[in-house]
Amino acid sequence: MGAARDPGAGRGYGFMMFGFLLLLVGSYIGLFRAPTEAFMGDVYRIMYVHVPTAWNTMLAFTFAFFCALLFLFRGDFKWDSRHEAAVEVGVMLSGLLCMQGSLWAKPTWGVWWDWDPRLTTTAVMFFSFAGILALRRFVDDPVKRATWSAAATIVAYVDVPIVYFSVRWWNSLHQMQSSPETVSAPFLIPLRTNAFGVLFLMTGLIMLRARVAALRLEQELAPPLPPPHAAPSLQPEPAR
Amino acid sequence: MSDLLAALHKEALLQWRSRAQLLAVFVFGATSLLLFSFAVGPHAELLRENAAGFLWLGLLLASTLTLAETYQAEMEQRALEGLLLLPASPPALYYGKALSNWFQLTLLGSGLVPLMVVLYDANVPRPLALFAVIALGCAGLSAPGTLYAAMTHQARSRQTLLPLLLFPLVVPVLIASVKATSLLMTGDPMGQLRPWMLLLACFDALHWSLCGLLFGRVVED
Amino acid sequence: MTPDRNASAVAASGLCRRYGRRWALVDVSFDLGAGSALMIAGRNGSGKSTLLRLLATAIRPDRGSARVAGHDLREDRDQVRRNVALLSHHSYHYEALSALENLQVAARFLGKDAGRPALLTLLEQVALADRADDSVHTFSAGMRKRLALARTLLQDARVVLLDEPYGELDPPGFRMIDQLLDVLRKRGVSVLMATHLLERGAAMCDHGLVLDAGRLAWSGPAAELPRAEA
């Protein structure tokens, strides 16, 4: 099933390549060209992947949410394939985000995890949506799988702001936002480049993954009809 | 509305018949509280400080048992399908079950409070307010729990799947309930109780409406 | 949605249903006039239960359509359910509740008289009145079947679907089913009955059809069905 034989896949690979290129450019600038930050030294440079990953994680889950809604309202299974792809990619990105957060927290705060509200919410999202992936794996019937995981995604997504606020209030006695923030110009170019890089990479991944899911669904939803019998075999049943 | 009353009547009958199961789940919750104290060690100060946390963790663990149990009766002989075919309205069936689960969990939580007082040397100066917090928190567990239990009971690996789906979702309930309970037990000089209870109420309102809407899609073919 | 006014109890067209990769029902079409009785025969796994469950709206068809009691299966599910009663393989009971309580639960949802006297009368019809207050989990298979039958009768439907009604019953039970079928026929209720008892079924029904591997293999007058099967 190479890209040559599947035009849908070709576009997906294209997006990924472009995204990867953007990431290379943006990361080079961010690592070697952008100035050192006043307070955090060179450690801040992780922001150039961390912030783009954060934006795109939310984007992936938001897309998953809309796919879930569209599936429940329209019943079209293409939304289920896209939903599955978006949740998988979102789980991967949120996992990466948590790891990046840890890598940033250790040299900065001396601990691997500092209960930053945004990062903690991400961790909860990771587990929520990983659970939805598990649900999909444990349900065999494609219609039930699609319906239940769509319902679960809607509930999980709607929960995200509440999780964020509850963690923020819970942690408010300790410290304020502790993940990297910045707004001045020399920092923006590599940041935006990488943001688009991750966006294209993610889009390409979702497209490819959705294609795989759609192909599998095709098999599951419409297996071939059995051929009619030439001469039906009707044997008498013993009367009870 | 008449469907809701019929659903409540059914749940009341089932609950009454399965009261022995509720007792068993209570013992499970009580055992959990005991285990937490062994895990932490015989440090009275530490135990007292974290009593609220232990109570709600125990309740959370016990909730997965009760939630799963209530669907056992529905699925044994496909009773739920039988009701849907009468026809019974799915939201009525959902709210009947969610209310019944809420009642059970609140009873369970209230029952664990005396144990918490004894094991962790906790104070309960405002028992009515504590009961309100327990009720609000259990409502937050019951609403999504009833929906997810309906799904997972028909899936493979159901015992693992229900907590896997439910626990991340109810993080706000855990945080808010523990905070509110803690404030009630150790004092609330800055008046933080109200915002936490408001958070719980918002969570409850959201999930009681959303899950009721989704239930029909989840149980119908 | 207004019901179709022509006198058809069930009008099925091209019904298909699969479980996983296996098609349980393929392209089944038939028409049953109101007040008639149809017998459905076929080997185990031929799709009889699937067909009845489809018509009861317990499951959705993957392809095809049907009108039951004048209402469309897909569009008008609730109306179909109000007019149809299914006696299924699953008894739809709560094991922990008594026979009477199970009927009470159903009666309340149906908006019917849930009082003890009315339901005891119903239990008498299925010879279960003396076990009214016993938990269903103490019942034998035959008794569960009787209770399920009582529940079906409670629904007072225009179309009654019976999946192996004679199964698990003893000879007095067989006679009870025959009598009840008689009563239903006299009331003008349409009946669809899946059964392995070809002679008995043929005697009680007007029309017959045979399913084989999910497809319609034969249809015609019920009296000719035992010969067609042979």
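First chain written, first letter: the chains are A, B and C, and each begins at residue 1.
Convention: a contact is a pair of C-beta atoms (placed from the backbone, for glycine too) under 8 Å apart; a residue touches a chain by one contact, two chains touch by 3 or more.
Note that this is a predicted model, so its numbers are computed, not measured.
Counting C-beta pairs in contact across A-C and across B-C shows that the higher total falls to B-C.
Chain B has the C-alpha centroid lying closest to the overall centroid of all protein C-alpha atoms shown. Using the mean of the Cα atoms as each chain's centre, the chain most removed from chain A is C. Taking the mean of the C-alpha atoms as each chain's centre, chain A and chain B sit 30 Å apart.
Mean C-alpha position of chain A lies 47 Å from that of chain C.
The distance from the centre of chain B to the centre of chain C, with each centre set as the mean of the Cα atoms, comes to 39 Å.
Annotation for chain B: residues touching 2 or more other chains are 221.
In chain C, no residue reaches two or more other chains under the touch definition. Touching of two or more other chains is recorded for residues 140 of chain A. Those residues of chain C that touch chain B in the complex are listed here as 56-60, 77-78, 81-82, 84, 86, 88, 90-97, 101, 104-106, 108-111, 135, 151, 155. Chain A meets chain B in the complex at residues 72, 124-125, 127-128, 131-132, 134-135, 138-140, 143-144, 147-148, 151-152, 154-156, 158-159, 162-163, 165-167, 169-170. Interface residues of chain C, counted against chain A in their complex, comprise 16, 18, 20-23, 26, 41, 43, 166-167, 196-200, 210, 212-215, 217-218, 226, 228-230.
Across the interface of their complex, chain C is touched by residues 2-3, 5-7, 9-10, 13-14, 17-18, 73, 76-79, 81-88, 221 of chain B.
Residues 144, 147-148, 151-152, 154-157, 160-161, 164-165, 167-169, 171-172, 175-176, 179, 195-196, 199, 202-203, 206-207, 210-211, 214, 217-218, 221 of chain B are the ones touching chain A in the complex.
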